[in-house]
Amino acid sequence: MGAGLRVTVWNEGVHEKVNSEVRKLYPDGIGAQIAQHLEKQPDIESVYVSELDHDGQGLTPVIVDSTDVMLWWGHTAHDQVTDENVQRVHERVLNGMGLVVLHSGHYSKIFKALMGTECGLKWRDVGEKERLWVVDPAHPIAEGLPEYIELPETEMYGEHFNIPQPDQLVFISWFAGGEVFRSGCCWHRGQGKVFYFRPGHETFPIYHDEWVLKVIHNGVKWAVPSGLQTVTRGNAQPLEPL
Amino acid sequence: MGAGLRVTVWNEGVHEKVNSEVRKLYPDGIGAQIAQHLEKQPDIESVYVSELDHDGQGLTPVIVDSTDVMLWWGHTAHDQVTDENVQRVHERVLNGMGLVVLHSGHYSKIFKALMGTECGLKWRDVGEKERLWVVDPAHPIAEGLPEYIELPETEMYGEHFNIPQPDQLVFISWFAGGEVFRSGCCWHRGQGKVFYFRPGHETFPIYHDEWVLKVIHNGVKWAVPSGLQTVTRGNAQPLEPL
Amino acid sequence: MGAGLRVTVWNEGVHEKVNSEVRKLYPDGIGAQIAQHLEKQPDIESVYVSELDHDGQGLTPVIVDSTDVMLWWGHTAHDQVTDENVQRVHERVLNGMGLVVLHSGHYSKIFKALMGTECGLKWRDVGEKERLWVVDPAHPIAEGLPEYIELPETEMYGEHFNIPQPDQLVFISWFAGGEVFRSGCCWHRGQGKVFYFRPGHETFPIYHDEWVLKVIHNGVKWAVPSGLQTVTRGNAQPLEPL
Amino acid sequence: MGAGLRVTVWNEGVHEKVNSEVRKLYPDGIGAQIAQHLEKQPDIESVYVSELDHDGQGLTPVIVDSTDVMLWWGHTAHDQVTDENVQRVHERVLNGMGLVVLHSGHYSKIFKALMGTECGLKWRDVGEKERLWVVDPAHPIAEGLPEYIELPETEMYGEHFNIPQPDQLVFISWFAGGEVFRSGCCWHRGQGKVFYFRPGHETFPIYHDEWVLKVIHNGVKWAVPSGLQTVTRGNAQPLEPL
């Protein structure tokens, strides 16, 4: 992998069409903003932006099967993604595709299906300060970061975040209003990897922040398919005489 | 909890009706066999056996809501459990009910929903020897056990078992045919706890083994509801002046 | 266990002797203050307060060997505890004793030996507000708590806390000055259990807070010896014909 | 990292000098055998073999400080490594160096210090069959492997292996004599990473096996320093007005 890494940024793409404030921040869409950063990276071969109103919701078998790492941004239209498309992405993750779920994607069908929990949390949207602390300094997703990332104005997400215990917890957020949040969480699922990263919002310029973009890039690299190519299950002949 | 602990053993109850060999081993059903052991325990107040062909599949709101820890045995009729009933049990686990999933319950809808993976494995049903080794000797589920439990004739389950990394891994099985398996796995899900325990089969007398029954009892005790009574989510006022 | 639970509160006991402010808060010592709460609990049989200036530093073989769960408070005299005594406690933990390490005990020899890391952190002692959020609501140590515990004036401890990834993370602290901290951390070590709990300070009345005392009691119950009585290691005869 | 990766293979080097059978298998030493495989890898810049009877036990500040990933093979002379040298390696790991501990290195001073446990296990040295199963197929250390690795003749290591719960468990071994073992275990410690890999013995040709060598190479790549360059601890000024 690496040199030939194919990334798909799946973006719901609704806010940008109906809200001029969002369009001002992200004239080509949130997906395009993230994609333009990833496209500059020499370790990524191709970046494709997929949106909900594309053919097949941008989740056709051809797209999903030719993606090594998918990013997922959604907020207001989670329910519009068909169960069939969710299942296709789910199976592809279990078969090795990396998935990087951003911000309000915590409530997407695909994230809930992969977690097995309802993924709720506390929230408040008044533009307060957030500080993301690195709590696993040896983790590749923390590569090249400072000890904390500060975002002057964000939506607050607070505990309890209803997710399974992360296999690895990379970031914990502090919010000015008094809450904390597990903001960077890693899990393996089957042959695939899942990274949830909290920052991101449609009306704050979160995806213009260099450190946020760096974490997303680090997350993509961490989520690259690796490990076994083939896993067999089902009825099995004994390997020893019985 | 403890003194007032209410346990429900949910048993699919199909094999016992159609297979005389199974009926001979478990004349009153697999559920009843497990229940008679739990009923003897002073730390359990009541044990109720629920079956698929009971009213509401034995999973009515009254039953589910008045259960502290549920055991789940199913094999041949996983698909018959309605999605609505699965969802009720799922929500109840997230709200605090313990769930002990036995043997072929790995492929039940409820276990797959809680894990977020497809829960497949290798298997072979020729009656070979299994030895379950305790790999977390400090775990309450290992209370009072010897270093390993030996079962002379079992169905084999082999890796890769497609589950999320257990929060705690208590047992690893050795099989005569050459495989290994993560046989005792613990997870928290929301306010609830889930314990998967591998042994158990309809035509081997697994649930007559004293150590297997002891592990099931230990697992019930571990899965007892504990922790926060109330968790709030959704829009939240700041706790500090902003 | 349970009914017969024997607890030892090991308290360094230096601040109380040299600082009148501390003596005013804890006239009989920090250890005695914690002990008086535990003594009231029906699930604890006996509570013994051990101090550094007792015979054998309060860590004689008789004391250590007859303790089921030990609490550890130290700050200014970590280096005075002899290596021999540290080793005795270390071995006892590996053989099943629970250990609850409080506050500045993060820098004790015994905690560093059990963690394998240097256990450093950021700190600031100006009396700011702390809020401990429960992030694992299913954990027995969260039993009966509200969603968060607020302490109006505490010493700040901030990340990165140089510890191994906790097996279970129960609390995360928010501090008014802008930091976060993994404040309630659980590990198994051999047959024993270790719980680190951050709050506690000599000049703030932390151990007079009812919720802090409740967490300490919950921590003691969690750390009670359980699991295998006997583990054998060394040269082993085959269990199968070779 | 990557292109400039500097690896040191630390080899005790005692068996090779006193046992002609070992010398026949590893004429230039076990360290040299492992090194010759790593030297062929384009992602590794340099491989240095260090031995106990070198200057400064092959663990001088210059060597340790210029190593990105160290491999450790020891068996019969663990106690001869000075505490000062162990401490130097320990601190270097906490500051970012990767450490790959092989086989009987489980009883080395450095491994015990990093684990915080006594690291004992069951063993038997009669040349039985071992089969290492991959239980985390998404892990980079499983990259390019088959579902299991078979070794026709090995020393047996059996549970309970007295280590902290691995952050990630990659391999579980099956042994013909009836035991199982957690054979590939990953931990973060401070800014560094530790991988323990069980196979390896002085009188069986384990380090001539292509899959074992591949796992060692994968382990080196996983253990490469990554994450934060700088972590500060100690007294800290507030980041928010107090």
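The chains carry the letters A, B, C and D, assigned in the order they are written, with residues numbered from 1 in each.
Assume a contact is a pair of C-beta atoms (placed from the backbone, for glycine too) under 8 Å apart; a residue touches a chain by one contact, two chains touch by 3 or more.
Given the structure is predicted, the values throughout are model-derived calculations rather than measurements.
A.B. asks: With over half of the numbers shared counting as same, classify the chain B/chain D interface as same or different.
C.D. replies: Both copies, chain B as well as chain D, present the same residues to each other, with over half of the numbers appearing on both sides.
A.B. asks: Among the chains here, which has the CA centroid at the largest distance from chain C's centroid?
C.D. replies: Max centre-to-centre separation from chain C belongs to A.
A.B. asks: Mind checking the rotation angle between the two copies, chain B and chain C? C-alpha superposition, nearest 5 degrees is fine.
C.D. replies: Rounded to 5 degrees, the superposing rotation is 180 degrees.
A.B. asks: Report the inter-centroid distance (CA atoms only) between chain A and chain D in whole Å.
C.D. replies: So the centre of chain A lies 33 Å away from the centre of chain D.
A.B. asks: Provide the C-alpha centroid distance between chain B and chain D, rounded to the nearest whole angstrom.
C.D. replies: For chain B versus chain D, the centre distance works out to 37 Å.
A.B. asks: Would you give the residues of chain C that are in contact with at least 2 other chains, written as numbers and ranges?
C.D. replies: 131, 134, 136-137, 147, 158, 160, 165, 167-168, 176, 178-179, 188-190, 228, 231-232, 239-240
A.B. asks: Taking the touch rule as given, give the residues of chain A at its contact with chain B in the complex, in rising order.
C.D. replies: Those in contact with chain B are residues 94, 113-118, 120-124, 126, 128, 156, 158, 160, 162, 164-165, 167, 176-179, 187-190, 228, 231-240, 242.
A.B. asks: Quick check on the complex: what are the chain B residues that touch chain C?
C.D. replies: 96, 131, 134, 136-147, 167-168, 176, 188-193, 226-232, 239-240
A.B. asks: If we count contacts the way the header does, which residues on chain C are in touch with chain A in the complex?
C.D. replies: Chain C reaches chain A through residues 131, 133-137, 147, 158-161, 165, 168-169, 172-175, 178-180, 182.
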